[in-house]
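Two complexes, one shared chain (chain A), two partners (chain B, chain C).
Let's turn to the complex of A and B:
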């Protein structure tokens, strides 16, 4: 197998990797700014310089020439090479900054060049703390600068588009953003303007940077030049904690990280998953933090006198639920599952329905025909349509569902987290004489029309799984605490610095951000207990998923452990049985 | 004002496009055609070029902004690029620049009211041997400038007469080989 020597260590390689990527794959490090594994390689930041050589072979015998110590004679490249753009070849000898003074010096001086016109405003810069330039300057940079002349000034606070703000002075012209719009999102909206020390990225005059993937350039930017208009100045990155999760705003199920501080989701960034979204996500998915923070249903509500809802205790709400249920016959109850809820929640609704004789839940897919783009935005507006198809819920189109309520003697409808009235699938007057019980996360017209509302946890508060349009099952982790969960006790929750070292008496901590809601499995267990059923899952979603893996053929063997190890599992979808709508 | 290419220029652009395997390389020559026709390649002209070539506007903008020879705003009929880089500076480049400013009554970077002249200060144009010198509208070089020569050139330009390129007899043999 071909071999390469890096800092004196021997490594074997396959195929034709680039040197920088190979070094990174070994867990070693070479500093870089412009290189990105999913885009073209311009080698323009010049930071990843290494010393590279090939062993000398005797032309006649083909043997390696050896020096007096018996070591191979190395013919070094006359100059340092950018490791990002050079192919690894058999026998190659590489010296990085770890073993070579010249390389160390080159990287240090290159950083001095990059920093000539870079403002030293890290204390007020959003990128500080996660800034490759800052980190690598600490590690490899010079102690000071010899350039003591005035820095070049460029435009600041340029609103490039609705979601992206540019600070041109901070830009180091790595061209990651322009390559992204040229190669990945293909809107070609950005270019580098001017040249030399006055260049920076910009749109064409009069154009706005309204690319539906524009915020990825903010993640790509190795400095604080491109910042998110929404997240700007809202938190320092080291104060937040980062929890892996799944985008629930469309059917693709992009892998994301939720960044929380004091139980508010402040920003959402994509998480690398080569099977689903690579490094990217659509901008729309990043606005989901508002769904998690704002307008949440907190505490159950009961409608009194058919008029206004009042907040109620959990016990009272459960008693009211039982009253509603017992006042009608089982066949007069209609269960509606939801493509917006997880596999576990829908499974439990199905199970409850089966045990109580209410029949299989129905659902209607949430599609917006023509809004998909064949990349990461899908027609499907819900994260789990495939999942509930696989669970065997009965699929309706919009008209069928309304007709089912009005025509077939239904007097009580139980909806699991789906804003059907807001989606114009159902109308408010359907529920004039019919009782509506809503299990939901957010306030909306549907929850307001309900006779009884139970708040349940959203994707940011529970661990639950979702099946994307391609049949890949992936799961979330709890990122936000509810009134009844605790970061320090729940080992699936991550703790940021403020959570770990703060106390509840600190002035940056408020109780208000914790929603008074329960995971569906806990809530259904309470309801079950009241009605004489034992449907308790002590391990929460994990245990529910194990049961689904045993009982539902499509999910055979699926477990959280496997999902975690393999970043999601591609389920065996029989395309004939399950209509795949992208 | 609406900017358009007419039939003749569009034919010319087609010919330019045919020279290259893809459209992008045609950007530079087509920007030249536009600048020769409209006198500048401002945002609206860039838009026209982008549309004509079916290329992203941002790309055209980036290319136009890169080269100082493309004028991104309207300039005078004659753009006087006075070199003030080292050799010209030593030989009186700034004197010439300031004399021109005084003579035309404008500052560097400005255009005379009649739209005839724009003065620009530029870096080395590679004619150090003829310092001080200036270039007229990306074209002819005027060498060995003196105040009198400047007067003469300006007078000529006002009458629409571009100076001729001054060729200079070069040494046939290098001094060290003599």
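Let's turn to the complex of A and C:
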């Protein structure tokens, strides 16, 4: 096995890794700005300088030459090397800032250079708290600056596009953003303009930066030069809690982080998962924070006299539910599952239907033909279409579902969180004489047409799993508290950073932004209890998934533990299709 | 090399009227080398061998053996390979290639064709700086003549060797004279130097094998083919053979481009070739090879000759052999500020040390020039040059740092005289 010595420690390596990536993979550190593992290597920030040497071999025997102490004779490269761009080779000897004064000095010099024209406005900069430049300057930078002349001034507050704002003075010209639009999103909308210390990234004259992936450049930017028009100045990073989750705005199931403060999701950023979205996500997925914060259904509603909905207590709503159910025959009830709801929620609906004799739930996929781009945006507008197929729900196209309600003597329809009226699958007049019971997260025409509305938790409030278009099952974590959950008691919930007194920043929350809703498993357990069924899951979604893993063949053995360990599990969707054809 | 140079007959720019016309060039033995090379006596590898033996050291400044460079090209694989001719010539004080474009374009064209044959290139690009618009037109005309005579194009002179030849105009960036950023510019991109390795011979224009040569380097090739490597190595200094186009500018009586063997004593060049310092003034300083080469003091030039070894000993470099001569009235602070201004203006901005360092150098020098500097600023400048040197992708940072370091070290008294008295001294 080829070997490399880093700061005197021996490491073995395989293949042809780049030195910086290899160092990072070992859990060691070398400061860097421009390098990104999923893009080309321009080696332009010059921050990751290390000292590199090769052992001298005897030309004839191929043996290492040894000095008088029996150590290998090392031939050092005449200049320091950027570790990002150099290949690790057998026998290579590397000295990082940990063991070499010259390297330490070079990194410090480079940070001094970067900072001479960089505005020192960290107190008002959005990047502060998660800024590689800030962090690395504290770690490796000079104590002060010897720059006493005037800084270069460049455009500030440039609206590059609808979602991205540029502060050119903060830019350190790492070219991550321009490489992103060239190599990943391939729209080529950004380029570096001007030369030397007056250069900065910009669009071509008259063009706007409306790349559907434009906000990834904000994440990539190692300083506060590119900021999100939506998020800037809304919160300091250290005041927010970061919770892993899944993008529910399309079928790809991009892995994301939800950033919450006071139970509002303030921003959404992609989370690295090489099997799904690498480091990226579409801009549309980042706007989902509005779904979690705004227009939420809070407390159940009951329609009085067939006219207007009024808020009701949970007890009253459950009694009303039982009244509706008991006034019709079981076969007159139609269950509609949802590709927008999780595997667990749909499973429980199916289970309830089976126990009560209401039949298997139906569903309609939510497709928007032609909107996919073959990358991270899919035609499928729902996060879990594959999941409910695997659960065995009955698939309908749009017309079939409406016909099923109007033709076959259905007098009560129960819809699980799918805005079917809003997406023109069903019409309001279908429910003139038919009772509609809606379990949902957000207010919409469908919920407003319902005779009974139960608020349920959204993906930001519960742990539940979703199967993406490629058949990968992944799960969310609760990020926001509801009226009935508590960050201190729920071990799945993330905790805030500590302030300087050792108090967590998320101590300072109010009741204002907590939604009065229940997870579907808790709600169905309450309903079940009222109707004499024992369908209680004390461990919530985790326990539901364990049961699904035991009972539904496609999900055999799937558990939260395995999903967490392997950042999602690829289910075998193809063989399932083959089976159903046979 | 005392005074042999006085008998030297120019070979690159011989004194022949209208040599730029292809008929005149043909009458004077033009394209014979190309015909010979395409004949049965030569093979691509024997051409490379001969050029390597001649030790034509690259005239663009780095001084790398041209034949050796050619031999780095991988074996032909039927796909495109390129020769890129670097006529960007943007180093201040350098104007030698212009002379070739104007007076002997076909010598260069012939040399480029021979090089393309030796390396089996399919296309030749001639990159000329945009400011040379007239010379670009001259080269276009010369290339058209060569096309018309069948020296360029399909099956040149009945052989199975075919090559195309294009001119490409720069757009005013010094950095595009750096070989890899010239490739980026040729590809239609922003002129950012590339990280090496991979070297252009492996991964050049559009990812294909590419060799980059200076115009003057290529112009020497037909002479080597016609007269042999031994003839070439007998001219001038042993380690840097051949004739050189010396571009002499500044405060001399007869500035201009002079073709002489390498290794001419620098004082002979100034006093005899260029007619001495203007108005009988004393010589103060000389930049020997374009603005990035360290300046030499006029009182330390005795015995220094224009070849790489002697200049290295004297503390400078041959560079492009563009001499800038300065007389006793020259303000070295001004000179250095102007040079620093140039590099600040021309830094491409890719690497941090160069992008930030060049601006810092200029701003501090401006402060000193305006009499607002302090002596500690001089030490700061020297520190900044150390921080820049050797830490960037291309050599522009070095080119910006060297003049600052060496000018301050060699003329420190002048800089100190311009600085404010230290506050400690007055207290």
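Just so it is clear, the second predicted complex is superposed on the first by the 563 of 582 C-alpha atoms of A that agree within 3 Å, B and C clash if a C-alpha of one lies under 4 Å from a C-alpha of the other, contacts with A are read in each partner's own complex, and residues count from 1 in each chain.
FYI, contacts are C-beta pairs under 8 Å (C-beta built on N, C-alpha and C of every residue); 3 or more make two chains touch, one makes a residue touch a chain.
Owing to the predicted nature of the structure, the values given are computational and were not obtained by experimental measurement.
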{"item": "When chain B and chain C are modelled together on chain A, clash or fit", "value": "clash"}
{"item": "First, second, both or neither for A:109, with chain B first and chain C second", "value": "second"}
{"item": "Which of chain B and chain C A:62 touches, first, second, both or neither", "value": "neither"}
{"item": "Touched partner set for A:207, first chain B, second chain C, both or neither", "value": "first"}
{"item": "First (chain B), second (chain C), both or neither touched by A:27", "value": "neither"}
{"item": "Touching partner for A:553 - first (chain B), second (chain C), both, neither", "value": "neither"}
{"item": "Comparing the two partners chain B and chain C, which touches a greater set of residues in chain A", "value": "C"}
{"item": "Contacts of A:152 with chain B and chain C, given as first, second, both or neither", "value": "second"}
{"item": "Touching partner for A:173 - first (chain B), second (chain C), both, neither", "value": "second"}
{"item": "Which of chain B and chain C A:195 touches, first, second, both or neither", "value": "both"}
{"item": "Contacts on chain A seen with chain B and repeated with chain C across the two complexes", "value": "191-192, 194-195"}
{"item": "Complex contact set, residues of chain C against chain A", "value": "173, 175, 190, 192, 195, 344-353, 355-360, 363-364, 367, 380, 383, 387, 390-393"}
{"item": "Partner chain B, residues of chain A touching it in the complex", "value": "178, 181, 188-195, 202-207"}
{"item": "Touch list for chain A against partner chain C, complex", "value": "41-47, 49, 78-80, 82, 85, 106, 109-110, 112-114, 116-117, 146-147, 149-150, 152, 172-173, 175, 191-192, 194-199"}
{"item": "Of chain B, residues touching chain A in the complex", "value": "43, 46-47, 50, 56-62, 65-66"}
